[in-house]
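So, here come the structures, one by one.
Heads up, the next two complexes both have chain A, just with different partners, chain B and then chain C.
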Partner chain A sequence: MCVWAEGGRRYMVFEVFLKGTLFFPCEPDRGLVRVHELTPEKAGQLIWVRARIHTSRAKGKQCFLVLRQQQFNVQALVAVGERASKQMVKFAANINKESIVDVEAVVKKVEQTIESCSQQDVELHIERVGLSSALSDHTTDKQTDRHAHGGRTDGRATVNQDTRLDNRVIDLRTTTSQAIFRLQSGVCQLFRDTLTNKGFVEIQTPKIISAASEGGANVFTVSYFKTSAYLAQSPQLYKQMCICADFDKVFCVGPVFRAEDSNTHRHLTEFVGLDIELAFNYHYHEVIESITDTMVQIFKGLRDKFQTEIQTVGKQYPSEPFKFLEPTLRLEYSEGVAMLREAGVEMGDEEDLSTPNEKLLGRLVKEKYDTDFYVLDKYPLAVRPFYTMPDPNDKKYSNSYDMFMRGEEILSGAQRIHDAQLLTERAMHHNIDLEKIKSYIDSFRYGAPPHGGGGIGLERVCMLYLGLHNVRQTSMFPRDPKRLTP
Partner chain B sequence: MSLKELSSLEKALGLKKPNKYSTQGDRKVPVLQTINGQALVGLVTIATHLVQEAKRPELLGGSAEHKAVVQQWLEYRVTKVDGCHKEDIKTILKDLNSYLEDKVYLAGNQFTLADTLMYYGIHHVIVDLAVQEKEKYMNMTRWFDHVQHYPSVRHHLPPVVVLRNRVYTSGHH
Partner chain C sequence: MCVWAEGGRRYMVFEVFLKGTLFFPCEPDRGLVRVHELTPEKAGQLIWVRARIHTSRAKGKQCFLVLRQQQFNVQALVAVGERASKQMVKFAANINKESIVDVEAVVKKVEQTIESCSQQDVELHIERVGLSSALSDHTTDKQTDRHAHGGRTDGRATVNQDTRLDNRVIDLRTTTSQAIFRLQSGVCQLFRDTLTNKGFVEIQTPKIISAASEGGANVFTVSYFKTSAYLAQSPQLYKQMCICADFDKVFCVGPVFRAEDSNTHRHLTEFVGLDIELAFNYHYHEVIESITDTMVQIFKGLRDKFQTEIQTVGKQYPSEPFKFLEPTLRLEYSEGVAMLREAGVEMGDEEDLSTPNEKLLGRLVKEKYDTDFYVLDKYPLAVRPFYTMPDPNDKKYSNSYDMFMRGEEILSGAQRIHDAQLLTERAMHHNIDLEKIKSYIDSFRYGAPPHGGGGIGLERVCMLYLGLHNVRQTSMFPRDPKRLTP
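This part shows the complex of A and B:
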């Protein structure tokens, strides 16, 4: 049902149950102006806007509304006068928040900047207002109020994360959420564009697989007709098979499933993996350079084209802007260990970095080199998976690397073993059942070029780029050991 | 624990002949039998005696006021720091940190026994602090680093690394 208020009279409309037609003037080719286009240039124009009611405040003969459209909002005013009656003002004041309304109004320039809105130099003087999508009866005003406006620390009501995630649809309407996910879309876009320009081919890999790729512990099992199968923990196997199939440089964007019972700020059971694999000519550092250059292009693209989004997120979650160096800083693992020891941390040469040590190292690197993004090269062989190529010059180390943003790991990568014989040896050394990985080893028997790669998690990269603290904020409908809905 | 301190203190003071100590009670309070038959009981008592023996009275303070401040911190060490609970450690560090905001040494403008014994007393806490916590109690860390580099103070204790630059800026994280 659609109700109109216009001028001095209120139309009561009867819904005609003919598909799609409604019994009052509704011109389908009426132009709607986007809220972010409402600027002083349009002052004096009579325009139509469709937006949600963010807030409404009635005061005597006037009603102030804030209309919201994605990340933007604008102040609007209904005042008793020759264009509006008292009933119209009352009608406007009684429309539920979050309802979608169509408004015909004159754009007016304001002298005093409206700090609380994104459109700070104009306001709308409403002549007609119509309700085009109302809230259904059982939702309360309070519920939508809390979610769409909540979570701020500027004295307003805060809503805890679980509640927000349970009511994700309303939570995603907030200006901050809109900005976060637009930025995330940008990351995917930049990833694809940069790699395509470098001559990479996008591939799609299967997610239902017969053998666990990264080791049996953290894998989801699904029933597969009369047997069972697994959900892929990474596209590793298939990326490599594509290299063996002479695709040379490949990337894929797809879900990754990890059945890790970790309830931390940075783990999800399902996330989007952006994976790269490429064959190199002479040295695996070509792979590192390719990946770091891609990351730098992504950072630059975000910095140049998504400033509005970054600022919007920064209003609710302030953080320092993301810094990176060009060319990317690359330290060796032993250098990192030395820096940690200088700061008083005791650890062995071949010991893996614990999470607190990773964070401390990130701090030390930031302080010394002024960058939030760096690569740690030549990890000890003992702490890497069986398919990692050992360092030919020092058997304690390997041709593998991790990349960090703001002190947290975002990518684990390496040169892979491309010789079936060596691969078998390393697998036996790790006590892996050779039967389970027979087809993997076989793919290298037909001649494979030396290659390497790595994968990043989209949600984690967005979280760290924006300086947020929980990966659930950057995952639209997050999945973790305790959450399966929405 | 106190016995090790006392033998380090002897070395620090340059006393040639090490004394023999015994302990009494559950809390292992150190006891020293002096030549003339007297028994000195308690860390501070013995430490003060050693300082007199080594003819270094300045370590106990110059003026009466100065002496009183030294005694106050020695008492603080024995009553508050020794055998305190984990929850109280933070309070102690906070107290020290705010006290040392505008002072180089605990008592007056010179190195005293108070600095030595307080250093021995809180070392086991500081050695386990994370870099971020050490930065939080900036003044206390500064004083600690100063004392541990003092010649001949740090005998039986491993050095604690203190970074020269601030790694944690005022932002969160």
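This part shows the complex of A and C:
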């Protein structure tokens, strides 16, 4: 099969006219109808569609196809008769699954709903079919059947995760993957639109940095010409520098790198950070309110604009709809500890939350307040980084917070110390080498407004919103200690 | 000066009540007016403003201040009288420049326009002033004077670029920098909004990759646990995999890494790529039209929504307004070569454009067509990467294109080969080790639609749109072979 032929505005692929002749070049300006546009209103129309062969089943003098385009599919029929020859039916039946075809067909309303397709009220009666991109024979059965179909006809994969990730291109074609990543695109858009409307400025922060912050643990090293550099573990320092530079309210969306040998359902070595930092007027709760309102706008936007995607994912991975309150529930750390103790957990006031305790607290909060999203405020100072602002009223605690979705942490944030002297004192208290963080501390010597912020993990938000159980499902090409491909 | 004190909703910084007493805690819910809101409509009102001391000039019993907030500033006056003591005037005069102050003041309409301020029709008569964030004495004169003011009172820096970049936090406070990066934020937003409206999906591609594409030149190496990895030189492979995975039209905004030892005005080792890839129906010119229309929407959006920023930058760096045509001018490479030859340049048909020739051609195109933006289409096949689709009508050329702003390249793109067999042949022709690009070639074995795209350099677009002359001016924290800080 030839693959190109351009010039003028001719068609770039051969087509096979299935009454026996090759037709080529075809009309270049014929419109292509999208599969999701195939509704009973189009009944009787002769249209062109380009789609993949999802399934194919020959039966006597006819061949039933399911044509798939992204998360939508439609049934199609080639039958021997006035418009199609015996050879054409045979040809259509022999096209490898996952090949891309152009078909000319009449839209017909069906008597009985087609449960297995997204377009349930119509089918296509094919009059011409051309092969737009064929699969070579040896690849078909080996790969595409297992991944795109997984032995089922509903487009949901049943194969194991590593196999799916190894063949990610095919796995991403499933209706579930199409829905997940369309929703992820929506999260980014809602995040940015909400913040832009609040007067935030988008910034671009460097990923190659000269010094590892916070002492150099869990950081990837890069060869940089004749020297070494590091990959940024967070854009925090640069966000703060933008605040010192009077940008007032900033956000950024970009990769974050963690050289952590954690092989869990929720850790990646590279993930996408949705980061916020803002100067506040009088109280760091202004920062919490900005962030929680942004999250609420994301939740509402997903609920209102991405129902199709939520439903599609729910067919393969059923979960309870995501619940949230407005305004967002804010509990103090000590209240959280009290709830855990009441449930039988033994822990100290200044002890950090373990992952099981985080999840348990999530369940207790859900029972008591009926929300899947809440803020835990005023963490013990001892368990937070050196740049965290202490609580001025109780030095045991700090002006810092985590946010949780379905009992798992999606954001960690705080009011930052904006005074070089206090920052130096706190770094010394943590036994941090002052020489290594000199440029960070110096940023605050030229007048810095009080500020705070936080970083949100995009893949976690998508995973937890949809009630999925592995962050690799919401990372298009996940990176972990054991996976660098594709 | 103490830096924090929170609790309840008390104020988090000390203030000095300048009639001699300390007032603290102040009212936390007093509204803060933004400097750009200070217009004659507010005349007579007593308001609070938080801003930086931009300049300060004491003269007898009064002190004139200019208060700056981002790209806006306003004149303010403290004068001995009923509302202010002699000590207060002295105190105000002694506050270090670049400190952040809260002032309570009456807005007064002025008789004569204040040319040196953005708020030209009003001034503030200060009644109270509090220090929100002070500069330590030893830092003031040494740094901030040189950078934020550069010896001038209009907020435009005159110091050299390295000094400015070394002290980027202060340099970013200048009205010019504030305007540049607000406009850059706008470019990203316009890019994404235009594409989202066209049905594109935003994707997130990995930056840590297992194999260096295109043979491994100019790529940064990363230590990855017990093995090595690389930093992605472009998201192209991943964009193409998304097309093979039926996402149809995708874009991404993210860092791109080039280990190229180029020390020029337009090269960075890390820059932000605005990347597009789409399947097309019948002709790769559909791709060019999608991209050029996106650029035109960006140019229009900047012209219509960012005039303040364009004017602000123009005060320090005057340039001709950016001109573009609609639809965008598209020239074939051979036409460009003919224009250059007519202007006396000697070059072969299949020779690549040198940088001086690119600029010359830009000037010739501007003279003839009056546009600062155009597409050069159908590059010689010999000067393009192996994955570029050849022109089916003339094997000397290819279905590839560059786009130029003010005579400098901002995008390189092409129709990509979507057939594994042809791709293999072209790679062999380029003497590329097939083993190294196996996974890339394999991506096309499961049915790929015809597609094309390109990558735009964000910093170059901002630099050339504003008529600036160094890409480091439009990179917030630039990275080049000699610079890794701040």
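To be clear about the criterion, the second predicted complex is superposed on the first by the 451 of 486 C-alpha atoms of A that agree within 3 Å, B and C clash if a C-alpha of one lies under 4 Å from a C-alpha of the other, contacts with A are read in each partner's own complex, and residues count from 1 in each chain.
Simple rule for what comes next: a residue touches a chain if its C-beta (ideal position, glycine included) is under 8 Å from a C-beta of that chain, and two chains touch if they have at least 3 such contacts.
Because the structure is predicted, anything quoted here is derived from the model rather than measured.
*Asks:* With both complexes superposed on chain A, which partner does A:I298 reach: first (chain B), second (chain C), both or neither?
*Replies:* In the superposition, A:I298 touches no partner, neither chain B nor chain C.
*Asks:* Can A:T485 be said to touch chain B (first), chain C (second), both, or neither?
*Replies:* Once the two structures are laid over each other on A, A:T485 reaches chain C alone.
*Asks:* Would you check which partner chain A:R363 touches, where first means chain B only, second means chain C only, and both and neither mean what they say?
*Replies:* The first partner, chain B, only.
*Asks:* State whether A:N399 touches chain B only (first), chain C only (second), both chains, or neither.
*Replies:* Second partner only.
*Asks:* Check the residue A:M88 against both partner chains and state whether it touches chain B (first), chain C (second), both, or neither.
*Replies:* A:M88: touches no partner chain.
*Asks:* Who does A:L165 touch here: chain B (first), chain C (second), both, or neither?
*Replies:* neither
*Asks:* Contacts for A:I180 in the overlay, against chain B (first) and chain C (second): which applies, first, second, both or neither?
*Replies:* In the superposed model, A:I180 contacts neither chain B nor chain C.
*Asks:* Which of the two partners, first being chain B and second being chain C, lies in contact with A:I410: first, second, both, or neither?
*Replies:* Neither chain B nor chain C is touched by A:I410.
*Asks:* Between chain B (first) and chain C (second), which does A:A343 come into contact with in this model arrangement: first, second, both, or neither?
*Replies:* In the superposition, A:A343 touches chain B alone.
*Asks:* Who wins on chain A residues touched, chain B or chain C?
*Replies:* C
*Asks:* Output the chain A positions appearing in both contact lists, the one against chain B and the one against chain C.
*Replies:* Dual-contact residues (chain A): none.
*Asks:* Per the contact definition, I'd like the list of chain C residues that touch chain A in the complex.
*Replies:* 3-7, 9, 11-13, 28-29, 32, 50, 52, 68-70, 98-100, 132-136, 139, 143-144, 168-170, 172-173, 177-178, 181-182, 184-185, 188-189, 192, 196, 201-210, 220-225, 227, 229, 231, 238, 241-242, 244-248, 253-255, 257, 259, 261, 269-270, 272, 281-285, 389-393, 399, 417-422, 439, 443, 445-450, 458, 475-477, 479, 481, 484-486
*Asks:* Applying the document's contact rule, which stretches of chain A touch chain B when the two form their complex?
*Replies:* It is residues 319-320, 342-344, 356, 360, 363-364, 366-367, 406-407, 467 of chain A that touch chain B.
*Asks:* Going by the contact rule at the top, pick out the chain B residues touching chain A in the complex.
*Replies:* On the chain B side, the touching residues are 130-131, 160-163, 165-169, 171-173.
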